[in-house]
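By letter and in written order, the chains are A, B, C, D and E; residue numbering begins at 1 in each of them.
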Amino acid sequence: MKALWRSLTVVALLGLAAALLVAVLGLPPAPVKLAGEVATNLGASGVSHPVTAVLLNFRGYDTFLEVAVLIIALLGMLAAGLPPPPPTGSRNAMLPTLARLAVPLMVLAAVYLLWAGAFRPGGAFQAAAVLAAAAVLLHLAEILAPWPRDRRGPRLAIAGGFLLFLAIAAALLANGGLLRYPPEHAGLLIVLIESGLTVSLAVNLAAFFLLRADKT
Amino acid sequence: MTSNQWLPLAVIASSLLPGLIIFALPEKRVALRTALNLAGALAKAGLVGLLIAGVAAGEEYGLRHAIAPGIEIVFKADALALLFVTLSAVLWLFTTLYAIGYLEHAPHRSRFFGFFSLCVTATMGIAMAGNLFTFFVFYELLTLATFPLVVHRGTPQAMRGGSIYLAYTLAGGAALLAGIVWLDHLAGPGEFTQGGLLAAIPGLDPLTLQLIFALLIAGVGVKAAIVPLHGWLPQAMVAPAPVSALLHAVAVVKAGAFGIVRIVYEIYGIEFAQSLGLLLPLAVIAAVTILWGSSRALFQNDLKKRLAFSTVSQVSYIVLGVALFGPLGTIGGLVHLVHQGIMKITLFFCAGNYAETLGIHKVSEMDGVGRRMPLTTLAFSIGALGMMGAPLTAGAVSKAWLSDGASAAGMDWAIWVLWGSSLLNAAYFLPILHRAWLKLPPPDWPHEEIHPVGRRETAWLLLLPPLFTAVLTVAVALFADSSFSPLAWVRLIAEREYPNISP
Amino acid sequence: MTPLLDPLAWLILLPLLWATLAFLAADRHGPMLALAGIGGQLLCVIALAGDVASHGSIGHLAGGWAEPLGIRLVADGLSLVMLLLTQGVALTLALYARSYFSQATPPAFWPLTGFLLAGMNALFLSGDLFNLYVTLELVGLAAVGLVAAGGGAAQIAAALRYLLATLVGSGAYLFGVALIYGSYGTVSASLLGSLITSEAPLAVWLAGGLMLTGLLLKTALLPFHFWLPPAHGGAPAPVSALLSALVVKASFYLFLRLWLGPFAALSEALPALAQVPAALGATAILWGSWRAIRADRLKMLVAYSTVAQLGYLFLIFPLLGTGALALQAGILQATAHGLAKAAMFVAAGTLIKVGGSDRVLGVAGAAAHLPVSLFAFALAGVTLMGLPPSGGFLAKWLLIDAALAAGQPWIVVVALSGGLLAGIYVFRVLRLAFRRPTTHDDVPLPQRPAALLEWTAFALAAGSVLIGLGAAPLLALIAGVQP
Amino acid sequence: MSAGLIYAATGCLLFVLGLGGVLLLKALLRRILAFNLMGSGAFLVLVGLAQRDGTPDPVPQAMVLTGIVVAVAATALALTLARRWHALTGREDIARVGDAGSRARRMANDRRKVGR
Amino acid sequence: MSTAFDLLLAAALLWSAWRTLATPQIGRAVILFIVFGLLLTLAWARLDAPDIALAEAAIGAGLTGALLLDAVAALRARRPDDEEGQS
């Protein structure tokens, strides 16, 4: 019986795959072209890189909610029970040296990515990921200790960046809409949000590794 | 809001509010609870009196509240409604007194009286419902409010009885709901109308109407305990005696019978129902129920079960009367709605007295009980004779009109059914009377709880209600022709339901 | 009103704000933040209701950019009813939870609740398919976190199953969005409503199928119901209530919105399609009720009842051609069930907490010592059975009416039998509660629970009944919805 | 055939492969991997299909950035739960913890753990 | 020429994805998943999506891969002796 179900599932999946291929390969061109719209309105977005303009201005509301998704994942970890801290002393002897060399470079790279995001590929997410990776590296090198669940600092960093975003979103209601930037201040506000987000996201991502149950 | 609007509402509230307050009362507040019960019952009786006076003078009482487009809660205190309202209000008063005495030391009295009041509220709602939607709302409320009373004792039999009761009534409710919505869909939202709602709408498919009729009658027939939907009634007799008395002998089965009356007269219209060929099948079902119920009663040793099967039989007298085309049958059926209630509640009060005072539950234990409890047994005898249709009792009046109605409708076979039923009634009641009055009492009663004090054979609150209703059984027959009798009121209703024929 | 106080926007911002503050405060002040926050949200809904009642539909351009470039938030009668239900139930549950968790609150309970509410509100208000994906994830992950908050192996297993189901569901949804964007170059629901025609390419049909199936998975419609009973039955009572009453309704709402909006042309082109959700719904009613009747544990009974009751919501799809009737029936059922199921779960939680047993048999005799909780359970049962005058009854009435109007009598039969089956499992509990307790007099009665635990359940249950009598404004709101 | 279309088609296959993995595999870690493949497939279709005419479109690209972050959040949560489950029961797949028998199974698990 | 590269990359993506699910050892599966992520980074670059390529490398392959490796290590730590059961 179970084998029958499995084979039926496989057949159904193969059918789905075939249908999807047929559908995708024979798709007529789309009637709406958003790329043009983005280009047209790029000037009023406050940044010159189109992806960043979409991410933080045209569809900034998506990004706003997405930050909440990351916090939720962290809360879910807290709710389920944190993993135990890794055993100490098993690290590679080279790691601390490597970390001390690499981390400053990574921080530098992150700052560059954040700054570059306004006019070329890069931005808060990538910068945050690099920073988080740096933190993980430090952690693996046992330079950065695991965070106990009630540690205040990480929470403050995570919540702070998001609250900044929230405050700006709310304040802009006065301008007629959630995250409706006045074009003349858009650039500044986006940089402000992105800087906050970089810290918030980096700590949040790092917390997936660093937030560990207290040793008992 | 004018008084014509709030009066029906006040009648409903007079049991609803005390009920809700009683729920919240701690078990110990006996005096307050009793006061609330009595105040509610008396207030209701008074309010009903006002209503009767008004309706007799031609006032119209009604209230409506739209809860959705095309769906309204409608109350209407017309003559037919008042027939049932008055019966319930008066009997509630007696039953309240009785129940206060009966449950003197029982646990969970707040719960009991709370639900008891809700039941009466539901009955009032059924009586004054102005359309099928409202009727259904209170019909189901009655089901829900009676369930806790059936299972009140918490014993395995009570649980079983409760489950069976629910299975029947909820299934019946579903059939009724299907019929009502179907009708609503076909004919649009409509109210109970003298002469019939559907009769006035042209172009409806007869077969569909017949199917809907079957659904509706099946729905209300459960509570009216028509065969084969009667199976719950004997099982529900595990409830405490006041519950059996008021609810299963009066409110619940009457709600079903009353529903049949409303459906036949005011939804279909008696003439339209006749033209659709619906009345004969209904009469046949009623006849079968009458004979079946009586036959089963013969073989019951448990006193309350015997009474229960007797109820099955007697309630279908009402249905039979409704199904007899012509005003005479209508009068017979409707007047039996009242008469059967008065007689049957007497019998149940007495059965409760036997059980509570002496621990008698079975017919075989009743030897010589007339000597120990003469007044109770006297009331019981009057009730039983009434059921048989003996002269000078309410039962005789009903049966006379029903017989006349049968011959007027050209259904002479129904007269034979009535006669047969009377014989069976005699066959299961007379042996009880024989045992009670003429046999010698045993040295010990099964479980004597209340000892006599002077001439008082049992507690006053247990004794007085059956005596009152026994007197009433005779009084409604003796004064049948007076203008205050149920019969007079019923004739008024019949006149209005047959616009084209004068009785 | 100044734009700064725009109630629509604050319905999303406010829960995010208090949830973040609760996170920051590391489980302290959670109840206070939650009560204040949800109270404020309720005020926002009321303010919004006034606007919607007078204008019919309120739009809000996030970022100030018009579609197709920007994201449009919309509030109409349909979303308003869901918002009202959500804040109302959530406020009552917050009161309950505060008392229920008086000894120890599960970690992260309050912030997760806040984010969950933010996600739901954002979902109800969003008019953009991709943005809806983000809200779906917001809701799904927060709900999984809450299920895991129980902490035991059973809860973790339930959370894992739930997580996998919800991720596959949103994955399918996202894939559908990708196909839609590829086909039309926009993800605005309102624009797509006019772009998608009955001659849509295969990709759009597949997108519709994937998105709707994904949402069915999240709504736990049979045969995708497997994850629901352990998740809803295993979580702490306030969480169960929140999930069963509200969260599954969110994905149903989105299913309905897509069906009526962007994919309306597809379902009109192939009317037989509407029978699929209805047939699944009918099966769910029968199967869920059966499992509830057989359930061994009280909360499992309630959870399987949710599986059954969700089935009703899908019966409306073949009937949507009959005007507002079917839609009213569906939303009223969602509302009444939301209130009733919340009441039932919290009442069950109190019964279990006080009675000390999570078996159905554990309620024996509860009528004597927990009358209010039991009464709440019974009233909620009245709604589930569809007995008058409850909201469930009115919903069933409207459903039957619509089924007759659409010439689908089988739906009448299913709706009525579902009510009877509900009667069996509800009264299975109630009759046990009336059974004379088997314990002897020397065993002390369990301690009375905090009044708040009992009366919040009662308030929810009473709401589910009273909504049947006061449904007129709600139905009018839904009647005004232009799909 | 444009690059966009090639990757869109690849995305379709990846999605179905991942879907099959989540549905048919038992080990939790494997199913989490499969879920990530599903997501990557969807991302490829989102961008690839939109750019099948060869011009880059920043809107789906931004959406994918959002999607990647959501995916890592979901993965982190899933891994935590899987580790927690493993720590509590020693299992790497989820047994049916249903209405009945769960307690018996939990006890059996405990016994197994003690035995080792 | 570039189409040929795209096709090759697509095939490599599908192959690594398939092996991720089919290889019997979970540790190797995670490595293959990281390889998949790196190949995907190339694909994003081919799709003129450098932002995604960066994010994919940093988050999709990097952080997710690290999380997965961490989880595998944790599972192994509890059960050092036996291999993963056949999935």
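Keep this in mind: a contact is a pair of C-beta atoms (placed from the backbone, for glycine too) under 8 Å apart; a residue touches a chain by one contact, two chains touch by 3 or more.
Going by UniProt, the chains are B = Proton-conducting transporter membrane subunit.
What you are looking at is a predicted structure, and each value in this text was computed from that prediction instead of being measured.
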item	value
Set of chains adjacent to subunit C and to subunit D	A
Reaching subunit B from subunit A through chains that touch each other, fewest steps	2
Distance-maximising chain from subunit D - centres being C-alpha averages	B
Core chain by centroid distance, with centroids computed from Cα atoms only	C
A-C compared against D-E, more contacting pairs	A-C
Relative to subunit C, chain with the most remote C-alpha centre	B
Subunit B and subunit C: spacing of chain centres that average the CA atoms, whole Å	43
Euclidean distance of C-alpha centroids - subunit B vs subunit E, Å	78
Centre distance in Å when subunit A and subunit D are each reduced to the mean of their C-alpha atoms	18
Rounded Å distance between subunit C and subunit E, as computed from the means of their C-alpha atoms	37
Set of subunit D residues in contact with two or more other chains	8-9, 13, 15, 18-19, 23, 43, 45, 49-50, 52, 56, 59, 61-63, 65-66, 68-70, 72-74, 76-77, 81-84, 87
Where subunit B touches two or more other chains, by residue	none
Shared interface positions of subunit A, touching two or more other chains	16, 20, 24, 27, 30, 33-34, 38, 51, 58-59, 62, 66, 69, 72-73, 76, 80-81, 83, 125, 205, 208
Full enumeration of touching chain pairs	A-C, A-D, A-E, B-C, C-D, D-E
Interface residues, subunit C side, partner subunit B - complex	328, 365, 367-368, 371, 382, 385, 387-389, 393-394, 396-398, 400-401, 404-405, 412, 416-417, 419-420, 423, 427, 430-431, 434-436, 468-472, 475, 479
Residues of subunit D defined as touching subunit C within the complex	8, 11, 15, 18-19, 22-23, 28, 31, 35, 38-39, 41-43, 45-46, 49-50, 52, 59-60, 63, 66-67, 70, 73-74, 77-78, 81-82, 84-85, 88-89, 94-95, 97-100, 102, 106, 109
Partner subunit E, residues of subunit A touching it in the complex	51-52, 83, 86-87, 113, 121-123, 125-126, 129-130, 132-133, 136, 205, 208-209
Residues on subunit C engaged by subunit D in the complex (per definition of touch)	69, 130, 133-134, 137, 141, 144-145, 148, 152-154, 156-161, 163-164, 167-168, 171-172, 174-175, 177-179, 181-183, 185, 229-230, 233-234, 291, 295-297, 300
Subunit D to subunit A touching residues, read off their complex	5, 8-9, 12-13, 15-16, 19-20, 23-24, 45, 49-50, 52-53, 55-59, 61-63, 65-66, 68-70, 72-74, 76-77, 80-81, 83-84, 87
